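Chain IDs A, B, C, D and E follow the sequence of writing; residue 1 opens each chain.
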């Protein structure tokens, strides 16, 4: 896969030209246009090139090298550096995390994708199809990309909710097992990871919609408020899933105990039933000279019939009182 | 059901005319009157019409399309966009959630109902019957509607409290069962959902009673403070119900263990009683030549009587010490 | 019981005259005096009369009708509306909640008692006995009443602490029972209710000691700080009682398990002891032709003595190792 | 013990004269000196005398009468009233709580000790030995006393930590007992009490190091920051002890369950071993005419040997698999 | 090991001279250079010397004597005093805590190492190799050292994560044991200790990147923001490890209960199987004159075969239903 996915100049919302990375400084001279560059795991050479063309801060470029960072927003003079952790559900119903870095300046936006994040070509196309919106500048491009990234978290949150529901079904409709406990734990682990990726986004959106940032027009604020709203909703879903998960862990535990209770009762019930023949045969096993019915021809059968009847009676009594 | 429930102009608190949606801009020209429109799941056409008539922001109208949003309040220039999640108890004692969106401007208020929310015709009638209050403008209409929506949450919170009390009765007066645990869990789930709907209302009321909002007269502030107060009370009910529910889950768990203890004790008690005949008959089942009473005519009966007496004695001892 | 308990005018800390409710506006004309009215569950007529005499806000008067509100403080123009939930221990060691509403203006204070709150006649008398303090105006009357209400919560908090101590005794000195668990739960319920009544008082006192309130002289601030201090102390007692209660619930649970352990051990111990005669008699119950001592005259007695000795030995071994 | 422990005037850090309480107003006339009075559970007469000499506020003096207050700091005009709860370990390793009140004005400091707090004579001596520091005025005396009081909480916190470690040893190295559970609970109770005494100190130090307080020179701020730092450290020790204590309670609980498991396994193992002779002797106890070895001379011994061997085998199997 | 590790003057990022501690005041006279001193557990003499040379505050120097402090940042006039707790993994996979103190002034930085912290010679060398960065002054040296210290916490946090994973494996793949519970507890203890060392760093970085500090150029702010970012990441790892650890404790507990359940079931299953021969032999042990097959030659064998068959059948039934 190539490093430079896309590199174009836009004026009044329309793509006016594809630009060579080395000629970007030419394009930047024009005041009423901006350059939008999309990179994918770029080499150090390309990143250094970008740094020189746009005059980026050392620390930001160093960060852009390495993925596995925290989502954050930072101002370096007039330009903005944003790191967003991306998350999406893959075909095996697992979550793939990636990362995208954004450099936004007065007339440019650079995106650097790391890991398994989805390509932004579609977002760019959609932006190019609404020139009246894209004419708001690189701020709108940033919004469109963030909105896209945040929207990808909705299916992630829903997947977690569905896994919780599957666990609920297991807990309340089936027997408690080791697997259920492990699944609850593993879901919690996954949830904490998603939460760690999502929660810093609240602060990032908050600052984008409140702070005076020279490279983003104030007109964009309602848009970032919209992204903020989505992030808050995802967060709320995660939080209540987490609280339910804790409750599920405890409910599961209660049911394990109830189930243990059931085992004890069942065991006690059967032990009582089995005690009957033991007791009866014990009596007739005694070596007394004079025992009633011992000499009776049908004594043996009578005892067996009596024992079976007593056991059956006990069985129904226990059944009715819920011990068996 | 029609989309446009009501569309009228009000002046000094009195309904002066029904207005056609297409002629609203005419009515808006009059400075000392306001237009109140009630919509129910409107089509895109109607919404676009409304947007044009009142000059609403794109993002707000997009939101108004889709229900299942979070309660929120947003300023777009001079107009206000409010989303409220509604909740009410239905006949089956379940909670129906709905949603209502409000657009409030300098001389208009538009309500958009989604889902199973109750009609606001009664609220409108009540407002029309108190012209001295409605003369405060569209701000009062917003207050009346919010008050109505918030008031509907009181029976919801009470329903949850009653369900908790029913669970308490089950826990402390009956045997612990799987069903109780499941009911506690399900009540917690419901409670979290209500909480998620209600808690953003605190912030919304707070902003209505504090912020300088041009389209709502400051005279209205005590009224929104009143709604705020109700929301805080509902929230407190929900919070203490939640805390009690957690305690109930733990109490239930304790009682399951005590109940398990009881089973163990009962089992041990009966096992001890049954051990008596086993032991006695064991002794007399030994094949010794010389055994006392073995040749005695009433030996068998003596042993039986002795055994029964011993068992009865044990039974009373265990009974007294609480093992049976 | 009459509705209007007391209605008098005060000047420089001295009660100068009893006033008829209908003539209050006369008394209000005098600049250097204030009117103090005490009502008890007043009828709508009386409340409306009061509203007219003092020019109170509609919403505040509506609230004053209905008890079962939340403690709160609200400014309506120059006058102050305060709602306080009262709580006191009754003769059966239960908590009675009541409510008192206060309207405070530039030269008046009106108290409206609801429910089982204690009469304020004593407070009034005490105030009248310290004219140098009451000369600070209606602000001092408000302080004296609040101080009285808050002081009533100390015995409430202490009652809860004592109930906790009683529960601790039960947990650590007696056997775990269903009743203990229920008592812990019920204490928690009561505690949450008290907490809900007390916690808003912190904010109320805070505002009285910080905000610029025209109808209360700034000289009064240290006094409200004093009430604040008491409320914070009550809150701290409630909070640590709550935390201890949670720990008690868990400790109780642990002890239930230990107690279950004890039952199991005891059961196992006795089962082992009883296994001895079963085993011994089993051996001598076998139908072998040649068995040692079977023909011995004292065989039977020897076996019994051996069995009893073995059992006694086992009993002491188990006793020592803590199983019995 | 006398009420007035010490009463002296200081100028430029040197003790210049002992003063009679009744002549304090003379000493206060000198501008460049301050008076330091130490009281111990003073009578009302002495306190009233002090109030008159220094012009203290009624409410502060009322508070100074009664101990069992909360730590707090209050400004009354130009003078400062500070209440500090003191705590120290006594010889029986228990915690004694006491209380000290401070009145600090432009040229005086009065300390009022209540309960089992340690005498401050040593602190005074140490101050007198560093005149270059004491020359900073009564603010330094306040610092020295607070520092002394806070330092006494370090051994308290360490005592709690040691008790926790003793409990850990009991939990992980010995058998779970009722006593351990009770000790955990009691330690938590003690910890909450200490926490309640210490946590308000953070706010007090914070205000001393930030607020503009006329009677304390700003030069003292780094010193109060130093006390603040110590209080925060004590608080952190308490907080992590609390969190570990909660974990210990749960770990204890887990181990109780594991121990129960062990009992069950042991019981099951022995029951299985005992089942062998029961089964074997049962077979040979049957009254069949034709039984193998029944007539054999060493049958009885053979069966006994076989049974013992089988039991021994089982014993080693169970031992290896961890059931015994 | 010597006390003074390093003592050099730097100008425009280059080391220009090694300085004697006693001649430092000479070097400080030059305006465009700064002195960087590295001390290791210095004696009081050396510290006093340093204090005189740089005019440090008494309290800061007193703190620098004693290790085992809390991480903190304090301003004393124009100079800065920073205490950082260091942590690193040693060869036995345990955590060694140490402490470093920093005095930073307008043209100097002094570091005082205590305990098992790593030498900073490497950091100094790295700084000297990037003179364009070191030319930013002593602020950069402080950044480089803090960055180094914070970076050392990453392997610490990862070690804790790995220990958690090892515990997870034990919980979900092996039998629950006492050791697992103890390991969970001990990991929590270690985690809380690391947390206590790391969490104050957030506030320290925050103040370094926000406050106006005269001795550190504002150019350094993005660098401290970078350190801040790392600290926040470490904190997040610790927090989610803690939450997972709590969940692990509960999951472990659930599995202990399930495992107890399994023991009970297994025990009950075997008891039922053993009950078969007991019952059968009981019947044939009765002393009736007329019993079927008693006189039959192969009766004994028939009974044995029947018993074994019944037991085997039961075994397979229990096996299938999961009781054995």
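By definition in this document, a contact is a pair of C-beta atoms (placed from the backbone, for glycine too) under 8 Å apart; a residue touches a chain by one contact, two chains touch by 3 or more.
What you see is a predicted model, and the numbers here were worked out from it, not measured in a lab.
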*Upon optimal superposition of subunit A on subunit D over Cα atoms, what rotation angle is obtained, reported to the nearest 5 degrees?*
145
_Measuring centre to centre with CA averages, how many angstrom lie between subunit A and subunit E?_
26
_Counting only Cα atoms for the centres, state how far subunit B is from subunit D in Å._
42
*Set of subunit E residues in contact with two or more other chains*: 250, 253, 257, 260, 264, 267, 271, 278, 282, 285-287, 291
*Follow the ring of contacts from subunit A, passing to subunit E on the first step, and record the chains in turn.*
A, E, D, C, B
*Name, in rising order, each residue of subunit E that touches subunit A in their complex.*
168, 172, 222-223, 225-226, 229, 232-233, 236, 240, 243-244, 247-248, 250-251, 253-255, 257-258, 260-261, 264-265, 267-268, 271-272, 275, 278-279, 282-283, 285-292
*asked:* Could you list, by residue number, the parts of subunit A that touch subunit E in their complex?
replied: 57, 59, 69-70, 72, 74, 76, 176-178, 181-182, 184-185, 188-189, 192-193, 196, 249-250, 252-253, 256-257, 259-260, 263-264, 266-267, 270-271, 274, 277-278, 280-282, 284-287, 291, 293-300, 303-304
